[in-house]
Amino acid sequence: MLKGVSLDLKPRELMHIRGPNGTGKTTLLRVICGLLRPEQGRVAWFGESIASVRAEYQSALAYASHEPALKADLTPLENLRFMVGLKRRVTLPELRQSLERTGVAACADLPVRVLSAGQRRRVVMARVLAVRATLWLLDEPFTNLDSAGSDLLSALLAEHVNDGGLALVVAHHDLQLAAAVRRLELSE
Amino acid sequence: MWTWFYRLASPPYVYRVAALWIPWFLTAAAITIGCGLIDGLGFAPPDYQQGDAFRIIYVHVPSAWMSEFTYACMAVAGAIGLIWRIKMGHAVAAAAAPIGASFTLAALVTGSLWGRPMWGTYWAWDPRLTTELILLFLYVGVMSLRSAFEDPARGDRAAALLSVVGVVNLPIIHYSVVWWNSLHQGATVAKLGKPDIELSMLWPLLSMMLGFMCFYAAVLCIRLRGEILDRERQATWVREAVKS
Amino acid sequence: MKVGAWQAMTLVVRRELCLSFRRPEQLLQPLVFFLIVTTLFPLGLSLQLSALRDMAPGVLWVAALLSSLLSLDSLFKSDADDGTLEQLALSGQGLTVIVIAKTLAHWLVSGAALVLVSPLVATALGIPPEAFATMLLSLGLGTLTLSWLGAIGAGLTVGLRRGNVLLSLIVLPLAMPLLIFGAGATDHAVSGTSAAGALYFLAALCVFTCTLAPFAATAALRITLD
């Protein structure tokens, strides 16, 4: 499906991937994560193939898929604890802070099942923040967010990139950002 | 030698070469099976315990042996496909699976037919028959798993992993069944073992084993060619081969 | 600060237990199934305890096997469905660590629970209390081995429609040695002879499976995730 894609991302850069449906935007993101093996070509992190530095690479990245990957029976706080806790040692107050940053501190102790789609998206944002990753890989992160939420996400992205992070964002609309945005258009 | 190995991974090469081997294997199979049957059914003396009924070993034992051998082949081929990502391995495994299942069925049916004069029933929980039955379940599992996946490549890999797990378990299963059988077996029921083999009984058996092996090789080549065509149907060489 | 493998395993086990206890009905269902299946046998065969006693080890084991199979489907399915399995695969901990933790947690809530309930069922089938020690030990080893065999099967069939039927089809033939030795050991204990041989073999099977199955189950999951 994906053919002839080549990209190179440096710190303080944000790449916006766009294209019509079915052109492989999600697939590209998953290949970069390491979830899919490319039949040809390779993915390298600071020069090393990601297969050889797997643990290090995975600790440095945060991937948010199109579906919010949250356990419906657990609370946002518990979800964060179990997901972020595998990547780095966190304390509960730290996690609550991340949830506050993204505006869902009030429902931190409710099961995710009762949250709205927008609130779940904010919980995912909190997770991405809490992991403190260098590389953000976000697939349609603006879905279900209201205008306040979209502004917040744009601000967080700008902050992340300005602090030296890298980000790859798949979004089908324009990104209004203060930071420099590079574009990658995928076509049939 | 290594270049020959590499060539074996190439579908068009195997497709061509297998076609050449088939008539040789079939002829060899026909000759050895023919001799074996004539000798075993006509010339070998009847067993002093079982009379003429023992002659079914000439079909039963080779079938059972081939069923286990084929499972091992399938597992090895699958492992090659899985570890070194050689697609030919998966093609061989997919081609071999139904052949092995058929051998298992043949072993079960002939074993059951042998049971009738031996024990008076068509089925008894004899260790060999029970192991063959479990082997049949393992084959069915592998074949079902392969066909359950929409993505055939994923189905191949899953089936390969399962057949490797199965082949590791096979000795364990065999030993457990023998142990279980020795616990519960009444003294009156005899085992479906080979009668005391003297040479005149042995030759036809060896001939039949060889014949079954050649037959398996021939059928494998035939099925393998079909599998190759199916898997490589997008390739240009296939379109040309089918046209001619 | 990097999280070590042991800490990660503990965290995942805690996660699984947390999730399981949020839905206590789902924990109880396999146990109830276990009780129901063992009730079927006396109803279908005989109500004389003396007659049941002969069949009891086998009946108990078959029921335990079938009940364990029921809960195996959920080992990876729920995580695969909501996308959290991918996140676990990307956690930096290595998929094998995750798989070990999940399978152990699964055994704790299903297999271990079965073992605890088994004396009740055993009494109902006429197994004398003297045989309980052997029975509990054999069931403990057997359910652990079965959880691992099931992990391989679950890894292969997660994401397939009607995967649970195929799961049983795959796992049961591999579990037959377990049944033979487990029921055999209990049978020996009931009739008063030494069950040591069967128990040693069961333990060997358990160790063998626990050593190799994690890698097979991880490979199976990778085939599905890839």
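Going by the order they are written in, the chains are A, B and C; count residues from 1 in each one.
Methods note: contacts are C-beta pairs under 8 Å (C-beta built on N, C-alpha and C of every residue); 3 or more make two chains touch, one makes a residue touch a chain.
Values in this document were obtained by computation on a predicted structure and should not be read as measured data.
Participant: Building nodes from the protein chains and edges from chain pairs that touch, which of line, ring, star, complete or other describes the result?
Facilitator: Basically the chains just string along in a line.
Participant: Could you say which chain's mean Cα position falls nearest to the mean Cα position of the entire protein shown?
Facilitator: C
Participant: With centres defined by CA atoms only, which chain is the most remote from chain B?
Facilitator: A
Participant: Compute the distance, rounded to whole Å, between the mean C-alpha positions of chain A and chain B.
Facilitator: For chain A versus chain B, the centre distance works out to 51 Å.
Participant: Using Cα averages as centroids, what's the distance between chain B and chain C in whole Å?
Facilitator: Their C-alpha centroids are separated by 32 Å.
Participant: Averaging only over C-alpha atoms, locate the centres of chain A and chain C and give their separation in whole Å.
Facilitator: Whole-Å distance between the two chain centres: 37.
Participant: What are the residue numbers in chain C that touch two or more other chains?
Facilitator: Residues 226 of chain C touch two or more partner chains.
Participant: Can you list the chain C residues touching chain A in their complex?
Facilitator: Residues of chain C touching chain A: 1-3, 8, 11-12, 14-15, 18-19, 22-23, 78, 82-84, 86-94, 225-226.
Participant: Inside the complex, what are the residues of chain B that reach chain C?
Facilitator: Chain B residues touching chain C: 82, 134, 137-138, 140-141, 144-145, 148-149, 154, 157-158, 161-162, 164-166, 168-169, 172-173, 175-177, 179-180, 183.
Participant: Which of the residues in chain A end up touching chain C in this complex?
Facilitator: Within the complex, chain A contacts chain C at residues 33-37, 54-56, 58-59, 61, 63, 65, 67-74, 78, 82-83, 85-89, 111.
Participant: For the complex, give me every residue of chain C touching chain B.
Facilitator: It comes out as residues 152, 156-157, 160, 163, 166, 169-170, 172-174, 176-177, 180-181, 184, 201, 205, 212, 216, 219-220, 223-224, 226.
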